[in-house]
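Listed below are the structures to be examined.
The two complexes that follow have chain A in common; it is paired with chain B in the first and with chain C in the second.
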Partner chain A sequence: MKKTKATIILFLLFYYGFANIINIHPESISNNIQKYIDKASYGDTIVIHPGIYTSVSLVLQKSLHLIGINKPILDGDFKNELLRINADNVTIEGFIFRNSGKSGMNEIAGIRCIDANKIIIINNEIINCHFGIHISNSSTLTIQNNIIKGTPFEEQNTGNGIHLWKCNYANIFTNNISGHRDGIYFEFVTNSTIQDNISTFNIRYGLHFMFSHSNLYLCNEFIQNGAGVAVMYSKNVRMEENTFIKNWGASSYGILLKDISDSWIYNNKFLYNTIGIHFEGTSRIEVVRNEFQNNGWAIKVLASCMDNRFEHNNFISNSFDVATNGSLSLNTFSHNYWDKYEGYDLNHDGLGDVPFYPVNLYSMIVEQNPNTIILLRSTLIGFLDKAEKAIPSLTPENLKDSSPFLKLNSL
Partner chain B sequence: MKELILFTIKDIIKNKVIIAYTLFLLVTTLVLFSLEDNSGKAILGILNTILIVTPIITLIFTTIQYYNSYEFIELILSQPISRISVIISEYVAINIALIMAVAAGMGIPLLIFSPEKEALWLLMISVFLTLSCSAIALLISVYIRDKAKGIGTSLLIWFYFNFIYDGIILLILFTFSEYPLEKPTLALIALNPIDLARVTVMLQLDISALMGYTGALYKDFFGSMTGIFFSMGCFALWIIIPLWITIVHFGKKDL
Partner chain C sequence: MRSIIVALWSIVVLTISCTNSVPSPIIAGKDSCTECKMGIIDTRYAGEVITNKGKIYKFDDIGCMLSFLQSKNQPENKYQKILISEYLNPKNWLEVKDAIFVQSNEIHSPMNFNFAAFADMTSLNTFFDTKEKQTYNWSQVKELIKL
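And now, the complex of A and B:
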């Protein structure tokens, strides 16, 4: 036993002992990083010193660590892909990647990984690239502290900031993404954690995922993206303490949920969005302790949703609190705070004694006939809403909060 | 004519309704700005006030003013002054007083608290509403000799524009919901000065995003040069047509 341990230690010593450190300076031989990469052997560290390296187009096919000192600039001269990784155990740290080519056909990226596992991409800036980081068919990824900044064109010829396809166990932490089509895009990505990222001013979605199960989204900020956040066809999604701000426009959403099930939306903030959360075909989602403030619609729950629970949320100065398109509602609301609630609490248990009906008549009318939106804020509509509140007849009877909070829920 | 206008303005200011109106607007605007932390919401509140209060005050005030100065008008007409200049100076004097009230009561706080494009639009539509409602009220009072009937009709007109007309729009939109209704809706909106004012301002505000794709369509239209000319043209017609009928009728009328 002792012998084997010693052998392993000895082996490791040799293994790492042989890993070399290769230094590259911009003035020595420029543009030849690829030659060094080809010459380097497994596990070597290539240290690149500050400067501008032009016409870069690197391919990494073995396990290497690329470390930039003081952010050397790798410039693609608007022609090609900057770095392609096709190996396991690769670290990319401390670079500025800029000016990749653009293409409608190929997915040209600042950093592109294909069939690569255990990749660490850390402390880089990726500026003005078609796709920022594009990873497919890989697992165990760490993408941390990167700044990814694009120059958006039209939706169809702008790439995504962080694009993951068929990946597993990705950790995406504290990145700052802006000016791409989708800030973070996932397709078939599972068991991943997305935390403390900021995704702003992307022309389509701040975060977009499909068929990505069992992922955790924590403390991210999605601000002023063209259409907010859209998530579809996934289950076991956990979204906590994220902030969704100013996703404002004719078809903008804080979050658009389509065919999502068994998920948790806890402690998020939705401020100044056209629609806070849009539910379509969702089931068994728990929406708890969120704050909805100054949205056009706080939540829109279509009739295709069931068994969703809305509890302990705060609804404050939204134009419409809840909208729906059918008379049947299979979702439950309880213990929410509604600023439009006008009931009373005789037994002083903090809960209103009469139920609150969050759907108002006009939102039902608009849902049935979109043209009537032209009457928004007319005097007649105000009176109709008041009349319906007094004697409910058209709004769904069972869409109600039977125990509304009188004071703000502490979040 | 100038003396006539000045004399009428002096007469109007004497009865203090205008001062009360100014104070009311001032207090409402200030309260809305101090209660709402976000000036966009305050502007929406002010818009609601304008749409309800400005038309009713203008309609009732103009009718009463006309009936009260009826004897004075009769007296003036015995002098060598043309009928047209008498009725026009009446209209001009009433509007100078009302618009000054709006400018002082609402314009000043608006320009202090939110000196932006939206505030200018608000001021503009309140001026337009004043001009067209007073023209309509003058038309009513020239046609109807009985004071009570005249005031009743003014009230009814206000009720019609604010409630009944929107109800009719709602009915039409639901009856013909199978048809493309964007353009007919636009025409329907133009046929009511209050709706026209509301839509014109709303499309300038952030809240227009709530109006979805229909709103986007209207916004494209009203945001374009053609749209601005269209709404201005409609407002102008809402002033010129009632005023013109009034003048023609007043010229022929047996007093």
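And now, the complex of A and C:
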């Protein structure tokens, strides 16, 4: 009895424990990868050797590991989807996916995952595809070290670089994304981390959150995207140590926050943006130890925001430090460094003795009538601001930093 | 003297041209939605409101347009035009009163309202099987989207 049990276990071990390795060369008699995929059994590894494989349109419906050696090229000839994964436990490593089809109606992607869990996509290049990686209804995903490059000929027809819909536990690390609609797009995604990615030259946003709660993004760089980064209709989002550079244009932002609550913005850098952070309908957000330098507006806080805290930030060389559109402010500012502060510190505690009012009269006028921006830096405006400082009338009285730092906050 | 007259005329022409309001096309990637501030990329779902004074508001989704109209809380005749993109030909504006709407999960609008507007039943039938899909007119859409 014991013996038969042991043989059964041994048999199972042999059956499932040792997966096969299948090699495919471009000069193989049949280099049709799909045939090999169909023949392979659960857990096998398919090794694809360097070369160009054309008219690729693969469907993976079982757990397999696809490994490319020296980056074989899988070309879709501008016709269809390159790879569709509809299985758990799949690894895709070391390929160049290029030239997917384009369609306004279907979301055609380089790599598309549907109802797939435990997926690893690593070290690939996805070039000239409609969507780069499109994942829906999946969990436990690792997307790492990929280069995703789109060619936005027709803006409307470009998809997102990495597009996640209804996913959770996704880790998106060290990818480089450019030339897509949104670099990274999250819709109904929870408990995920976006770290060390570079997202540049995307048509709309470098990163876009919609209805995605409890996510973390840190140490990413967002440079010269159409409108920066948008975090909308979400809560519990941590945004730390990111860099937002040169998001410049009529409706461009470092970060656009719309209807978000209970979030943290720590240690980020905002350089050369039209608007550093735009707050609209936000509450309970902590903005701590960020650097705002050379922006048009460092922060714009609309009257619909409340209980946000701004502490230990540095405001340097911005045209406007803070702008708002209401007369009442329910947000607190303290211990920030403002380069426009002209107060004094008689008791030498490092904090200014008179409060600093970061909203000036002119920014209120511009908010109400954007065309007056043409008067920026004119003498008239200089006089008006001085007069307003002496006798405040239009600027919100309680929007002030009562304890401004005289020296730069060390970040 | 002549140059003064020319200058005066140009002012007159400019002021006239300001009051004359034609629907303005949406430039994908440049324009942004008045309501949600998102950049408009997918013009198939875009909408536009022109007030009687000629001011133009652009929207990325019919939901944003309705939320804007509801927040203003004015009768619709206060607006010169309320327009929606024709789904199959996004460069063309339709008056919302004339458009036929379909809601479907197969289409994916920027703000998840997932409405598409069509000019007539024939163009709709080329795209959707209407036996399965219910169609709506503008007032029904307004009833459906109460924000």
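Here is the rule we use: the second predicted complex is superposed on the first by the 389 of 411 C-alpha atoms of A that agree within 3 Å, B and C clash if a C-alpha of one lies under 4 Å from a C-alpha of the other, contacts with A are read in each partner's own complex, and residues count from 1 in each chain.
We take it that a contact is a pair of C-beta atoms (placed from the backbone, for glycine too) under 8 Å apart; a residue touches a chain by one contact, two chains touch by 3 or more.
All values reported here derive from a predicted model rather than from experimental measurement.
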Touched partner set for A:R181, first chain B, second chain C, both or neither: second
Which of chain B and chain C A:R377 touches, first, second, both or neither: first
First (chain B), second (chain C), both or neither touched by A:G51: neither
Which superposed partner A:M232 touches (first chain B, second chain C, both, neither): second
Which of chain B and chain C A:G101 touches, first, second, both or neither: neither
First (chain B), second (chain C), both or neither touched by A:T274: first
Partner chain(s) touched by A:G43 [first = chain B, second = chain C, both, neither]: neither
Partner chain in contact with A:G296 - chain B first, chain C second, else both or neither: first
Partner chain in contact with A:N369 - chain B first, chain C second, else both or neither: first
Intersection of chain A interface sets (partners chain B, chain C): 249-251
Contact footprint of chain B on chain A as seen in their complex: 248-252, 274, 294, 296-297, 317, 319, 365, 369-381, 383
Interfacial residue positions of chain B with respect to chain A in the complex: 38, 41, 44, 47-48, 51-52, 162-163, 166-167, 169-170, 173-174, 177, 181-182, 185, 189, 195, 198-199, 202, 206-207, 209-216, 218
Chain C - residues contacting chain A, complex: 28-32, 36-39, 41-44, 90, 108, 112
Residues of chain A touching chain C in the complex: 104, 107, 155-156, 158, 181, 187, 203-205, 210-211, 226-227, 230, 232, 249-251, 256, 258, 278, 280
